[in-house]
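As written, the chains take the letters A, B, C and D, and residue 1 is the first residue of each chain.
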Amino acid sequence: MPERITPAPSLVALLSGPDRPGIVAEISGWIFDNGGNIIHADQHRDHLNNVFFQRVEWAPGNNEPNRMLDDLVKTAAREWQMHARAALSSDCPKVAVMVSRAPHCLQDLLLRFKAGEFPGELACVLSNHPDLREIAERDGIPFHHVPISPEDKPGAEKRQREVLSAYSPNLIILARYMQILSEDFLDLCGCPVINIHHSSLPAFAGAKPYHQAYQRGVKIIGATAHYVTGDLDAGPIIHQDVARISHRRSVKEMIRNGRDLEKLVLSAATRWHLENRVLVYGNKTIVFD
Amino acid sequence: MPERITPAPSLVALLSGPDRPGIVAEISGWIFDNGGNIIHADQHRDHLNNVFFQRVEWAPGNNEPNRMLDDLVKTAAREWQMHARAALSSDCPKVAVMVSRAPHCLQDLLLRFKAGEFPGELACVLSNHPDLREIAERDGIPFHHVPISPEDKPGAEKRQREVLSAYSPNLIILARYMQILSEDFLDLCGCPVINIHHSSLPAFAGAKPYHQAYQRGVKIIGATAHYVTGDLDAGPIIHQDVARISHRRSVKEMIRNGRDLEKLVLSAATRWHLENRVLVYGNKTIVFD
Amino acid sequence: MPERITPAPSLVALLSGPDRPGIVAEISGWIFDNGGNIIHADQHRDHLNNVFFQRVEWAPGNNEPNRMLDDLVKTAAREWQMHARAALSSDCPKVAVMVSRAPHCLQDLLLRFKAGEFPGELACVLSNHPDLREIAERDGIPFHHVPISPEDKPGAEKRQREVLSAYSPNLIILARYMQILSEDFLDLCGCPVINIHHSSLPAFAGAKPYHQAYQRGVKIIGATAHYVTGDLDAGPIIHQDVARISHRRSVKEMIRNGRDLEKLVLSAATRWHLENRVLVYGNKTIVFD
Amino acid sequence: MPERITPAPSLVALLSGPDRPGIVAEISGWIFDNGGNIIHADQHRDHLNNVFFQRVEWAPGNNEPNRMLDDLVKTAAREWQMHARAALSSDCPKVAVMVSRAPHCLQDLLLRFKAGEFPGELACVLSNHPDLREIAERDGIPFHHVPISPEDKPGAEKRQREVLSAYSPNLIILARYMQILSEDFLDLCGCPVINIHHSSLPAFAGAKPYHQAYQRGVKIIGATAHYVTGDLDAGPIIHQDVARISHRRSVKEMIRNGRDLEKLVLSAATRWHLENRVLVYGNKTIVFD
């Protein structure tokens, strides 16, 4: 009787720390000496600040995968003075999606989760409006409606966190969620939060970016996926894309074009995050794509 | 003996004014009734503000071209309540280029003028530094060096205008000219001024935009060609383009990539302007490309 | 009591025929003289072959819209020697979608029809496989499964045409339909057929284009939407788009990237067709976007 | 007195060979153990064919650079069963450019060499027409005119090789050279040859691709830089880029747009080649950019 039917998972680590001679040899040597076999490795150096970054993916050989991950993280901290985030390719992180009324990003994420494009599980949808309930539920995804009144935003955020905590999400995606999350929420939610902003940040931060872009007469519109920090629309950028427009395009058409940009940019950022390809560094990201 | 060796020039008018029923029929009817034959016509309507815009290009038939242009401009004002800017395809507008030290945009413009890509003539190059003299002069273009000291900017601008006025330019191009022109200069120079800004405006207005972009960790850099107004980097945008970058790109590489963007964006904006394809409208442009 | 609650529809005509002086004035004059008001007009001339093309959209004024459309088509034929295709903005053309097993283009079309991005109605889905039944039916769209065996393709096509004829479609979309339609089918189906080919035609016509692209080591992949003719993958191209790839991308990843391209290209082509923006001319299209 | 004024050069190796466990650790370990310090390293694996590829750049420490390069190449062959191509960052490869009559690619290369964008030296220009002599010579680059008659192509190619051999070029660039080079020439010229083809290969191989593209009614035009092999326009692709066009664009305008594409694509491919970033593998390339 076979003990293992599925292929052994591979291991992934994202490492960062002070650069020094031999660090590449040391990390790859450790993996090899411990019986692992590197499948992919990608490095980056910030020569200005002398920081080294690496994404390395390897097969664990005869090692018990979780133990080998633990060992690497410990070795990284102790011997290489590096911070390591590590994961198994068989991990299935849980994702919560927060929405308001616009359906397109949610629908796009639902289809991509279903198509197997993301290594993760869509655990629940949370909204401050009831409108998108059917879209979530007909695909079997739990939908929670937590209304928000301007008078009691802290209370609403508390209820949101209670709902979310039942799912222990590893990632929260703001899929055109039209409220600003407080720093408290971000501190307490316990996982990274990715937002899609419908402009090429830093241009047109804030509300109604397409209207701002129309007023300014720009010839290009964009969308930006970024990690959310306490500073509105100023968190580390993961991905951006743009589309050309002309004077022929009304705000309404720009919004329609923009929806496609938003879907593409948010889904790419989500996939890279879930595949452990994104390292946050200061207010920037390194994307090992 | 042939009466005409070169083909008759075509006429171009850029019209704008209050929209009303029948305006298209009226303009095209006037051209036809007066013996002209429309070659291209392109319209745009701002439905919000009820403004009509048209670029129309036509063969003058047996009319004397300059007289027909005059007639159209007068008819537009008197009968259609429209402002018209008109030109002959055989016009050869004079272009002055202002530069500082970076040679790439000037070199690009020189090559394109020589290759016949622009319907116009490069009349002179004016710089606050002597560095690019040889580049201009070896192609037979007069080069003028007017140094600028912070203490006497008004005086320097006066000398710049004196130099320029000898050429009666129809267009001034700031091809990486690194000084801010005063409103006085803009009022008195007597022609439109196009600038290339090395970012996707409105992001990163002001100095050292590639350094700003690097600091912000954006994934896309851009370049913007715009008409210069008294408000720094905020004039009507003519053209923009972008390029993807990644964490792998140093500021130096971004600057190199950016040079190519700047050349392409500035040359397209210059060509559209010289082909009478750009209508300024409020703080925006309509580009009939 | 108001006689009309919805706004009056606008009229659209796509005209083509021999170019001659005054044709723009004549068409716009006819519309104005008959009480209409032009909203948009866009022209194109093929100077080599002396052909004139126009898309014109106008408000019918006090005219009965259908009668005014008829009048224009007749006038075009009789007085201007032009062929005209005309439509009301209130028309709701019926669209049949043919699929095989890949769901992404069908899902994308379903969402866009639901979001109101297309002026038309998704009437039915027809497939040679049963796989996508649930996707269509849960949105209330009739799904028909007509299996095709290599031995009896003519018989299968006859059954397909019978199924389709019950819906009288004005457009058939091949949304990753993996069979070749015979010339007979195309002659008898009674409406245009749009296909999405998953490469930048004319490169990689035929089967498995991503595998072909991988083998050839190209750095760019594409997708092409075109009208279907008897000549495989050689019909008039409506729209194309591309994405950069690198040696890092496996065929599987190229296929995933390609799915997004296919959705964007097919949906844009579908919208332009349904908005009466596409004129077929020889083996090319003119897209008045 | 300082023994060395310029910074020590870095070393670059492009390695390829059978993949096996520990190969990354082995290479990086060898460099570290021999006193080098890795600056950049990028790997790729072809999992289908079990081939490993690496570009590694390192500082030689106290080693004599040329000796350390030699040692690595020998160690690669003997101990790792890998083929290695190695270079010093201080190398200045010689480049010969072959042209016909179109000046734009030559002018672009001249400016970029002058601007220091390429780690190499433009050694000479060779043409089958005399037209571009002044462009080369005014920048001090030797220009050789070797006419080609259809009756004596082998003789002309022999004279071309004689001219070139005086410069011992490390790279030949065909910058819109409009003759087909024989396999003999390619065998005997002694260095790689890069060509710019003015279409998105494999579409529109052969002559007059813009005319072909216009006839086919494509919505996108492209340019392709590739290594030249005996098989016309079928060698390994290094880089491609595209631009959108519409029915509005004449062949003449496509050619003008195309010139910009050709310059960008050829210059990027040239830079990557000269920076030792391109590994040819079968009929494909791996570009470590």
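Quick note on the criterion: contacts are C-beta pairs under 8 Å (C-beta built on N, C-alpha and C of every residue); 3 or more make two chains touch, one makes a residue touch a chain.
No experiment lies behind these values; they were computed from the predicted model shown.
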Joint neighbours of subunit C and subunit B, given as chain labels: A, D
Remotest chain, subunit B as reference, centres from CA atoms: A
Contact-richer chain pair (by C-beta pairs counted) among B-D and A-B: A-B
Rounded Å distance between subunit A and subunit B, as computed from the means of their C-alpha atoms: 42
Rounded Å distance, subunit B centre to subunit D centre (Cα mean): 37
Numbers and ranges of subunit C residues touching at least 2 other chains: 248, 289
Subunit B-facing residues of subunit A, complex: 44, 200-204, 216-220, 222, 236-242, 246-248, 282-287, 289
Sites on subunit B touched by subunit D in the complex: 103-104, 107, 111, 115, 117, 138, 248, 256, 260, 264, 289
Contacting residues of subunit D [partner subunit A, same complex]: 21-22, 24-26, 28-29, 31-33, 37-43, 45
